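Same chain, two partners: chain A is paired with chain B first, then with chain C.
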Partner chain A sequence: MTDTAEKSPHQIDVKEFHPRARAALHNPQIRQNFRKAMDGLMSKRTAAFEGWDLETLRDLGANIRKRALANLPDLLEQLEQKLTENGIKVHWAVDADEACKIVRDICVARDAKSVIKGKSMVSEEMELNHYLQERGIEALESDLGEYIVQLADETPSHIIMPAIHKNTEEISQLLHDKTGTNLSHDVNYLTASARLQLREKFMNADVGVSGVNFAVAETGTLCLVENEGNGRMTTTVPPCHIAVTGIEKVVPSIEDVTGLLALLTRSATGQHITTYFNMISGPRKADELDGPEEVHLVLVDNGRSSIYQDDQLVDTLRCIRCGACMNHCPVYTRVGGHAYGTTYPGPIGKILMPHLIGLDEGRHLPSASSLCGACGEVCPVKIPIPDLLVRLRQESVDGDKLHPARVRGHGAKRNTVEAMIWKGWGLMHSRPGFYRFGTGIAAKFRKLQPGSLGGWTQYRTAPKLAPKTLHQRMKERQQ
Partner chain B sequence: MADPIKVYPSKPEKVYFYGTCLIDLFYPDAGMAGIQLLEREGIEVLFPEDQTCCGQPAFTSGYHDDARAVARSQLDLFPEDWPIVVPSGSCGGMMRKHYPDLFKDTPDDVRAAEIAGRVWELTDFLLNACHIKLKDLGEPATVAMHTSCSARREMGVATVGPALLGQLENVELVEQVRAEECCGFGGTFAIRHPEISGAMVSEKVGTLVDTGARDFVTTDCGCLMNIDGYAEKNQQPIKGQHILSFLWQRTNATGEQTGKGGDKQ
Partner chain C sequence: MSARDTILQRLRHRSGGELTAPACDFSVLQRPDWSTAEKLDLFQKMIESVHGEVHRTSESAWVDILAGLLKSRGAQTLLVSRESQVGRTLKDAASSRDDLPDLLVYDEAIEHWQQELFNTVDVGITSTRGGIAETGSLILWPSADEPRLMSLVPPIHVAVLYASELYSTFHQAMLAQRWHERMPTNALLISGPSKTADIEQTLAYGVHGPKELIVLVIE
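On to the complex of A and B.
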């Protein structure tokens, strides 16, 4: 967010991660909803990749994204040229605020009063709904999960399944309270009532706003992956379609989409293919019966080009937003998406958000990981998430003189006491004689070992020093 | 990520044994068990006296200057071309995977990369380089196993522990639900985010207890300290051991019980 962006009702202090995480950990409903959902998603993903040479496919995915990123500036220019030829108007936004203004200006020019939205995480990043509403333009989410979250005046807790933090009972109550449906736990009934309400909105909307999964430079095609058909309605029924996307989503050719799509749907929801896959290549032509009169693409930077400058951090931009990293994250599974307080939660959020909001604001994000590596193991484009977390930890404490920190807000987590502790630790462990003397003394006086070790002994007993160190035992053996 | 293809050395005459600081201070019996298993395979074990710590705690906490200072002091310890074996996936992963990055752009880069290429997680080394054959001498027993995340994902040895336990005739290995999930330690993570780490270890202990086993083995003393510490504090009926201690105890015919007891004082 830029400094000029207005505070939205959802804007929360990302630094307050601990209290939110604690609250979630003590909320049995949240714990159960996430555990159940993540267990299901993990096993669906495993089943979907059965019989596939997953490592080779992941290598392919990683290489497609690496190649695209290596040529990003050229590809973006090619994309703009092709889209323009196809009759799609291209806009560039340096940040979220500018992206919102572009969307508003298009709406104003068309005298649009209502916007229907397909799912788009970039629009969440922009806080577009809030921005438009403040300016008298109604923006309604049409993805069922997003619709629920919007009704509840919340933000998505997962990038693929925005309302995953709610169970059927909670959703039923919400729909009853807000839209007057019956208090039923029949998922089909609830879905049908939401569809009924949304159908009318589709017909009357002045503008449809969607995201983009892949933007193909060679052909000027915008690909949109979805399950509910709301994406197709959003991009075809209203007379004007505005797609918003991050600048990193471009790929060279349509062949590149095949591999990425196979990985995306299986990694995300364990589906071999989604119910809908839309390829948008321009506004309605003279001889066509339907489709929008106008199509726009807003390419949003919002911090991405600064990530792009760094040889290591650039890997962050490979992400195809499947959410597998969060589905497999033991921390995300326990604290849920809202604890992070960021647009993108979970492992990808921990490596992406610090660039969008600064490492001062996002100082607790990189440390909230046991570095277990589950995220990196499942990432379909092989983003080395644990390595990037370590890099951001180093940036947040300015811990490497050889490789000075460069992310905005770096050093915010550094404190003198902790730095002194590590300095002392380093001095002791880089002087073997001193180390043996110190550890020998510790073993000898092990009875004096403190029983309380802060956060450790809150849940566990303290580890017990052995009567003799391995060094001492090996020494005795050699004598 | 684990290397896509590992090229194991043939069984060497000698190895360097890198004991790790956790084993040195808290679990020396596990270290001794590892050394004895290697010696029984006819390998001479070199124990460099100047070993301290691989540097990982500072590295994962972001204090790379301090991590590098410690790691640099360890680079001199392995002058000859013998494999370096480590009874920990975590410290092994630090040396094998992260040393090359840590020493990038320094005069030690080549040396660090060369050393990294010689580092092996010890159970992996016993199984796949030494082709160890274990003869079980123990009473029938049921155990569960927790493979550390770094052993599983950085060193790629998830199948090694079960394969070794599978050689023990009287040992039944039972698998806990979500076996591949982290136990919640993660170095300073457990101190910075104690509640989240606590929730993770509590569930890990729960799934281990649910297997019905009363003993578990693990590749890493970090996980052992975490899981055992939680079980002990919360009086849960499960007790852990380093897998090397367990393997030595089950197969040791000499009556020498170095691998047992002392770590549980």
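On to the complex of A and C.
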């Protein structure tokens, strides 16, 4: 690993994408781990959709999400009202910092010293663990992958499988160093040790923090998808449960959930369904014998309402966080999740993060793509990811007069020389006389053409101009 | 202005054009009208593919089957509910036979016996609100009588499912049981034992919840 990769996850400079990507490309272990995992995930997804009318199902998924987004403010109010009726306290946070404060205040009011966490990408976005720890509240991840990543003081490299960048040997060493587990390549043994360590933590935790996959407005229900049971533990064992979610996760009805669930787990891991689908609609009732006495939901905006303003970029908010786009991305598979330096890596990260951190910080993200289109083809809710990447590339150089740039930090990549070259190119191609003159000159002086063209010629030979232009050759043929 | 008002106002006064809300056609989720036998075959195939264990039995024989299964696993304690049919049947049976593990009734709040539940209970047995054939899932609505942790903390979870209560899909089950009218504190779909593939995509069972899921299907 290079110095850049070893930096604390909280100090990563997103702009340094290229050195990180280069380092990852030269790390055979990383490439091998990701290649193996992504190949497996792709074939499992294909198998899971066998016999389905996948296009129609994806249309349903897209329509469910579009309908929810079209009514977003009303649905959020309905959700708040229903949850409140059910006894769940609802909080709103404009940004990550406010969301962290809300969680901390709930902890402080309960005199809570330890928090156990189920997997939540929004809490990663908030850097909640870091925030709580700085204020003397222990925050421990309980999803096995997240637990491993936390022990290693890293961030997740995949939104569904956080520790995918590590192999068994590395994990065994880590568990040995940090928790005293015996060195072993037996995954069952390693898993059983983690079970024992975490069970103690569940019993003693004051607060459980989880994410939310879908929030149902009609019934006031928070849905969580998981395989391990740590999500159920987190939301059942501690006396207080705090769920954190982005404001876009709300859907009108429980029927909508059936459509999205059918897509989510098959797209993510190729499972027909996860082991647990956990639906929570309230705290423990007076006669019930377990479950938290207090349940809170923190609705986090953190840039989402500004994405919502744009007719094209709003599609980003359809995302149900399955990770299929990264599983199928040739760039992600080669550089791995950490190279991006962002909470959400891969294609979805490339269209989501520029809003969250600004295009000045995230200027390289939309370009870290070959625009092969695989992400758009597998997206279960049909987000036109490649189109949005092109749009953000335009924004990063302020390149399109028809769509005035909106994203914070737009134009950060604008380069006067490049802009002039393209302007000249445009002029030449819109005036036939200019074009013939220009190509004629270029053909005549082709020997002066530089052999090296920056990044392009690093792995390729430079294209050579033909001795005669097409127009000249056509003319010769006609004679 | 509060965070709530700020967010809602931004969403309500969107600068773009009107967002379309297309109609949603759920017919793609529909499956043919399978017979109970077909649903049961599919349910069994699906849940076995994720390491669940299915035993087809009858109202009169399931306790015998259960006793045999638990004996072979050396189970010492079996957690039952106070009032459910399953709990009562087992309590009655235990008074006249000695091949069942010691019965423990979940009848007080978890705070009073958390250590015991986490450290000494081998098996929890619950009833179900039906099952889903397409995905091999059990539907559970934990209640005051059958609390949430019964199906989560003990290393073995046994569920009793009536074959007649199998639905083809989640969509069908949710509509038939009118979930949109009322949801319990906690509702669950359970499809197999707890598992993880977080270490190099290698499957391991029982990471946090039960290592084994045994379904007794009453035909």
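Quick note on the criterion: the second predicted complex is superposed on the first by the 437 of 479 C-alpha atoms of A that agree within 3 Å, B and C clash if a C-alpha of one lies under 4 Å from a C-alpha of the other, contacts with A are read in each partner's own complex, and residues count from 1 in each chain.
One rule holds for everything that comes next: a contact is a pair of C-beta atoms (placed from the backbone, for glycine too) under 8 Å apart; a residue touches a chain by one contact, two chains touch by 3 or more.
Note that the coordinates shown come from a computational prediction; the quantities given were computed from them, not determined experimentally.
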item	value
First (chain B), second (chain C), both or neither touched by A:V187	second
Residue contacts on chain A - larger count, chain B or chain C	C
First, second, both or neither for A:G411, with chain B first and chain C second	neither
Shared chain A contacts, counted only where both chain B and chain C touch the same residue	none
Parts of chain A lying in touch with chain B, wherever the complex brings them together	18, 21-22, 25, 39, 55, 330-331, 334-335, 366-374, 376-377, 382, 384, 387, 390, 393-397, 399-403, 413, 419, 422-423, 425-432, 435-436, 439, 442-443, 454-471, 473-475
Chain B - residues contacting chain A, complex	1, 4, 19, 21, 23-29, 31-32, 35, 47, 49-53, 55, 57-70, 72-73, 101, 105-106, 149-150, 152-154, 178, 180-182, 184-202, 225-226, 229-230, 232-234, 262-263, 265
Contact set on chain A toward chain C in their complex	33, 36-37, 40, 52-53, 56-57, 59-60, 63-64, 66-67, 69-73, 76-77, 92-94, 98, 142-145, 148, 161-164, 166-168, 171, 187-188, 190-192, 194-195, 198-199, 203, 218-221, 227-230, 232-233, 236-237, 247, 253-256, 258-259, 261-262, 269, 271-285, 287-291, 299, 301, 305-306, 308-311, 314
Chain C residues touching chain A - in the complex, by the definition given at the top	2-4, 6-8, 10-12, 14-26, 28-29, 46, 50, 106-110, 114-115, 118, 134-137, 143-144, 147-149, 152, 169-171, 174-175, 179-180, 182-202, 204, 206-210
